[in-house]
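Please go over the structures that come below.
Below, subunit A partners subunit B and then partners subunit C, in two separate complexes.
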Partner chain A sequence: METKTKFGNSEGPSRVDGRMKVTGRAKYSAEYSVKGVTYGVLVGSTIAKGTIKTIDTKKAEGAPGVLSVITYLNAPKIPGYQTDAPQPKGALKIFYDNQVYFNGQPIALVVADSFERALFAASLVSATYDKGEHQTNLKANIANGTAPRNGKDYIRGQEDAYKTAPIKIEQEYIIPTEVHNPMELHAIIARWDADDKITVYDKTQGVKSTQRSIAQAFKLPPENVQVTAPFVGGAFGAALRTWPHEIAAVLAAKVVKQPVKLVLSRADMFTSVGYRPHTWQKIGLGATADGKLVGITHEAAGQTSAYEDFTEGVVNISQLMYACPNVNTKYKIVSLNVNTPAPMRGPGEATGAFALESALDELSYAVNIDPIELRVLNYAETDPSSSRPYSSKFLKDAYQLGADKIGWSNRKQQPGSVTESGWLTGYGMGGGLFGAYRGAATVTARMMADGTLILQTAVTDIGPGTGTAMVNIASELMGVPAANIRFDMGDSSLPPSPTQGGSQVTSTVGSAVNDACKELKDKFMQLNGTNEGGSLDFVKILKDHNLPQLEVTTSSKGGAEQGKYAMFSWSVHFMKVLVNPVTGVVKIDKAVSVADCGHVVSPKTARSQIIGGSIMGTGMALMEEAVIDHRYGRLVNNNFGDYHVPVNADIPQVEALFVNKPDPYINPMGAKGMGEIATIGVAAAIANAVYNATGKRVRDLPITPDKLI
Partner chain B sequence: MKQFQYIRPATQQNVLDAITKSGTKIIAGGTNLVDLMKRGVTAPDKLVDINHLPLKGITPTKSGLHIGALALNSVVSENALVLQKHPLLSLALKAGASPQLRNMATVGGNMMQRTRCTYFYDTTMPCNKREPGTGCGAMEGYNRMHAIFGASQQCIAVHPSDMCVGLAALDAVVIIAGKKGERRIPFVDFHRLPEDHPETDNHLAKDELIVGVEIPDNNFAKNSYYLKVRDRQSYAFALVSVAAALDISGGLIKQARLAMGGVAHKPWRLYDAEKSLVGKAPTEENFKVAAQIAMQGAKAYEYNAFKLKLAPASISEALKHAAGVV
Partner chain C sequence: MEDDKSLLKPQQGLHPEDNSRRNFLKQSTLLTAVALTPVAAVKAAESHMDEKIAEAFEKLPLKMEVNGVAKSLQVEPRATLLDILREQLDLTGTKKGCDHGQCGACTVHVDGHRVNSCLTLGIMVNGKKITTIEGLAKGDDLHPMQEAFLKHDGFQCGYCTPGQIMSAVACIREGHANSEMEIREYMSGNICRCGAYPNIVNAIQEVKEGGIAV
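On to the complex of A and B.
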């Protein structure tokens, strides 16, 4: 069905919580003032593998203001950690035993009456170890990689068909570890309200999943765990799960019998909340001389921790992106003495897209066909993996929009052939896709006597503007101005919603908002005895019936369409770069990203999403890299002075464009996700532009100046 | 961090008295010292705040320009006299850190800032500079940012400052106050090479105070440039940087000054390269020759070999900019 695209590509309403955010009234988890709060600071191991021999906490315990120093020696048993059968692998159990799996692993938590005192006392904790022989080097350990337990190699058609194709590209691509570092540090305040009841103010992408995890760990009824997270200062996947430090804070609050606040330091972030894993990839592309893909082989090996298997869909993009008769993929994980990775915006796909979209670019030069034309030549009209029709795909429109905007016609196919004021200049593009989903959510919609519409559901907003999008959807449907709608969220006591992640929230929660509003409207129509929903005066109807309010609670989930159609969001990114031929410095001159993500329900926040994704991809392409000194198995750049993310000077005006055609099947709004596709393909677009500018192909990110001189 | 005392002596003399005691440290902008304290690299018992001393002035002298030790990096970089007489210094300052940091950082503090070597900062790692005798973590470690000139078996760290590279090129003089009164030393002799004592960055005695620097008048204002190559466009330390100053008349170079950052334990003057340019025409060819001369004696490590290429390329590029031939 066609939905009204009220805002089209125009700006639309502003962020409903924008004013609160810029005036500091939006409260983040570390900012709650909780009576009697105490402060926790973690102490990390200084070896990467081995066992703790001794751990000296005496000095710390004697330091001023210290309430407790918790280690595996004195930590109360966490009931959820106790299992009858030994578990082969799983989440790190904090303060469980003397095993050290990675450098920086928490070995103690100091709790004191002030943050400064806790920090000082933490510096007094020392440990001795029996050192084991650690492995932190992915390259040296690739041969030890294993296929994940439930991961299968994929074959469509013939294996390695690329090898016998007329045109053959075979290359290796490497991305380093990119560490989760949202602006807001991870923080939790844990307060036991009774022996079996707890409240946490926690940075999380899912209040319900945090509720479940804490309940499971401490064997509590889930409803006895109250999780509050109405504002989250960025997360990108870093707060999808409950990490050991959160369990530690809950435990510590029990030990000291006072609320405990634990805010990770920036250095802690580098070993506590996951990262996009260092991954090696190999792509084989085979094509006919006129550019038709014959075969794709995509292999990958990504690092994981020694205690847990982390997997992601690195090679999936090669199965899905192009019409190609023969595709085979292999994916391995390599267990190292590092902490466990986590999904990071465009998990798997952003990594895979760097390799596939770079390889496609290499092919475009080998067959001398424009990179966009090459993609159009191999355009998939139906999902090559399932053979199902797409619910919607307007990627060709996106190619056109982006090419026009960046001035693609100025691109020269001959690399290194254009300079502007002494700088080599080039154009590149790269795209991506991400599955579009609709899950289950429940929303309460309540119309108050004064005409205020209150919407409630547990979902969090990690920054994309979920509240704004939901208010927009409700406003369109109910004809109530956005200013009169309140969206309550980020609270485990509200009706269930999924965790914010996987680009599914607008689709899932938006549908529930849509359905709840419809149901509420129906209820008003019944009251009013009409079946004309267009001009309902809610305030008057409530007054006429002497009602203080009218509410519905509606559950909503996707239907059979999800099985009939292949549903994806698509993106394409265009970059124009300048490269200094002498110093190798890369400057992005123009950045254009186009999303084909169905109907855009909240244009302004959607634009910010795309801009943020482009910047994140720029960091991936040009600077982000966590470096380990393998002699010590320890990170050497765990701070923002040495670990670079883009600054304003690195980023031009990013143009975010939308095809903005509704998907007829996914949900009532016709909206698909866009959080992940904003980043997927960006790094390849930059690497491809750098090649076009210089003739130098960089296959190991980041593209720092030293690689171009 | 360890508990410490904080004092704010009324006069320069009181400051000099206060810093004679061991365990005391001067604090100016605090942008480096406080970081080092937080990381446990240094743990003074007492901080001596000097921010209120009258050392902020930027004033012309008989033969040059005096800049007080407490003048802020941001203020110096925008000062009309500096822009007019020594635009190179302004460029160098603006290439450093971020506007927020430059608003706090002082000239004296900038000179005294310590290396950014990651092994120096991480107290679990060996570092002869932080803890003499523990070894050099960088020598066989991750040494991408490290020295290619003047290193020793003890230390291969670099001095991180941009401002100092500019001042070294401009023949500045450091004015130092001590118990026995004032002394002046050439800026190029202020910092030292690591040799067997990497723990000592420079020749300032523990009980001395930097009161200012003086830049002699020169003819470089028209033809000078600061080139900084870094991993991002702002807020990153130099992979290499070059301060280039030329006095060109009648189509020939009468005098040249060249200094580099990011390559040595101190701002690295390129005397031989300078000499090679005197009397020559400001051409790319001559600049390339000078750059090659400058590289004599360079030695790279596992991760910084790229500097052997980047450094000479940057020298000739900076010279081209200075000469206006780009």
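On to the complex of A and C.
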């Protein structure tokens, strides 16, 4: 029986850009009508390591409509690339030399006057190689892992203290490569407006950082690079940096002297814009018989490319999550013939939380203590890593809220002991944390004569509803209805604000909106000669002073509070799963996620964000895995038919709950980030529920049916 | 031989009286002859004849009605309906998410039925009526499904949204929205990576139970 509130929770104001999105009027990067636009299609290498011996572009160049075929042989020099050859460690330099580092690495870009012609011509490009011996297998190469530069092993208390404890858990956990796969394909339209001036419509999480990267590559003043991205069709970390294909499009537009549109194919999305790296982990947990943690040892090795070191905080969670006197962690990276990973939602922590929260669950059975009780027993009241007090932490409230909602009291400690309609049934939970930050941002707030409030800053919105949250903050402060507030964003010519990532935008940009609104209000009060800001009639004041508008531009950033307190957002996820005892199919029956992320400034979008994070974690737990055929070093499932992400039928009504208690220190709104914690801990919650249902502990994701039968 | 002949017959959807296909075949024979003569071919290439020949022969006429407006186009037979909508008609509300019929972002209605426009060649819809997301609202009045998606926050980034909405409308029309489970099943051809599925289901249920014809 499906019970729920009538059609879910639809309370609260809708997204400020929602109308644009439901009518198809929202324009994403590939959708700008640009005069004289031409089309680029990339050609990828067919080996994983070696050098290009010959590259035949003649047929492609002769094909109808083809304007240019760019390879390392004919590509104009990119000024920012020019250092001592060959490519030093760092971002892949496209069309730089004949080196091949991974299978699918772009070796040519075909530009034609239509997409169809470019696509066909791209099929005519062929290359021969001097093949090297590639390495794409993480497991086989773990011994070659190295500590990253500046990466230090962490020790608190005694090393490997878990080994001395009465109760020991020592297990290895593996996550495969998981690919961001936002629904919008990465795309860029590049148009040179003058020899030293360019406009790009680009999929990016940060218009300012893209502006800097393109300016640097082509040695242009940053203000000569216009980056426009008011709508971004998802990213999850895949558009945090400027990728080689973006540089290639800018270069190509220079070559053909016409604007170039380059839209990656779905297959390109697997090899061009990062992924959550395949990572091996080992956890050692030691505890007393009554469940008190004695020691945690957490080791991890994640894959990176052959040309660039990618690191993430996989083991940090073990340093931070629980009160434990002895903790040591080791992290290394393994260089393989693959493209460089990228931070993916809950970067590092989501990987680490799978291991740590699975291990905690294993410990709960070993000491026969309820998993929530075990966590409460080891609850950290101050940050165990820095010993600083938390700015706020209401994780116990979150445990309670979630346990009540999922019906945790129905859980049986004995695994494999409950069936419902022939399906094995189990409950699991897992949580996590992510650093809460407040960076620097500048916002212009302008009150117009008709009472419209315009807010402007460069930040992008990849989906969480940044515009909506900012409008909510301004509406409350100024007493202006949301419908009369316009939020301009995603444009590098606007005042600077950070890249959307790391769960910091609401805190950072929201603070700047807050400060700008306050300053604007002060200005009105001065004009009006009053100290009471409560009921200002902005329209009347402007009219009385014969002003067409009044504006302020305010910069805002976090202060000393960030050094005094340890600031984190917390989450806990609860899952009830059904496992078919014959087929091994896992169905999520009920999912509840609780966020302790301070004051929630935009309830409707926040709820959606938490639900979305839970679903992404469900994909990580049950289906997502990019598979390489190591004989060729090539991905075999680089499409949505073979790389499975959750679809509607996989997902029940996910409940999102908030503690919703403001953080008194982080920022004026008391709001902390929630994008990352929405996913961190989900995979463990599902693995733990599957164990509770079946008695089978799956430590290598995804939990596919074959692992359960 | 019967089979060979049938290949030359106009396909369903092409106007029988339209002899452009026969002309095309005739002319491509000429093109082959030209191509087989090296000197002529080189000359042709030098004077960009190949461009002109390709331009003339690679296109076919396409007549369709898009959102109630008659469109008459010249398209390459290999051009998909999706690319024609986005690149030639500037109807970018229909999205490209995979180009392989695996994600549903490109869903439009052809004669009232939902189809993946990326798996549909433009010439296959000759004479047909296409509705895209841009044709769903009546002026400023949103379609009930658009209203419901707004109200229930059935999206985040918004990229899969037009395809979801077109699919959702068809899902009700097909009679496949009778329960939460049925909606989930019949909406599983539309991937949402932001994970708005529960909200999408709620939106569809509300429209369905509202009883307004969609």
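Miscellaneous remarks
Note that in this section the second predicted complex is superposed on the first by the 693 of 709 C-alpha atoms of A that agree within 3 Å, B and C clash if a C-alpha of one lies under 4 Å from a C-alpha of the other, contacts with A are read in each partner's own complex, and residues count from 1 in each chain.
Operating definition for what follows: contacts are C-beta pairs under 8 Å (C-beta built on N, C-alpha and C of every residue); 3 or more make two chains touch, one makes a residue touch a chain.
Bear in mind the structure is a predicted one, so any value in this text is a computation, not a measurement.
In the superposition on chain A, A:Met623 contacts subunit B only, with no contact to subunit C. Legend: residue contacts after superposition of the two complexes on their common chain; A:Gly641 is shown touching both subunit B and subunit C. Of the two partner chains, subunit C is the only one touched by A:Glu184; subunit B is not. Of the two partners, subunit B and subunit C, it is C that touches more residues of subunit A. In the superposed model, A:Gly584 lies in contact with subunit B only, and not with subunit C.
In the superposed pair of complexes, A:Thr23 makes contact with subunit C only, with no contact to subunit B. Looking at the shared chain after the overlay, A:Gly234 reaches subunit C, while subunit B stays out of its contact range. In the superposed model, A:Thr46 lies in contact with subunit B only, and not with subunit C.
In the superposition on chain A, A:Ala649 contacts both subunit B and subunit C. By the touch criterion defined above, A:Val110 reaches neither subunit B nor subunit C. Residues common to the contacts of subunit A with subunit B and with subunit C across the two structures: 116, 120, 639, 641, 646-650. Against subunit B, the residues of subunit A that register as touching in their complex are 46, 116, 119-120, 123, 422, 582-585, 587, 622-623, 627, 629, 631-632, 634, 636-637, 639, 641-642, 644, 646-650, 704-706, 709. Interface residues of subunit C facing subunit A in the complex, by the touch rule stated above, are 45, 50-51, 54-55, 58, 76, 78-79, 83, 86-87, 90-100, 102-103, 105, 132-134, 136-137, 142, 146, 149-153, 155-162, 165, 179-181, 183-185, 187-203, 205-206, 209. Interface residues of subunit B, counted against subunit A in their complex, comprise 1-3, 40, 98, 116, 118-119, 121-122, 124-125, 137, 140-142, 144, 227, 229-237, 239, 306, 309-310, 313-314, 316-317, 326.
The touching residues of subunit A, counted against subunit C in their complex, run 2, 7-8, 10, 14-15, 17-28, 30-31, 33, 62, 64-65, 114-116, 120, 181-185, 231-236, 263, 265-266, 462-465, 604-605, 607-609, 611-616, 639-641, 645-654.
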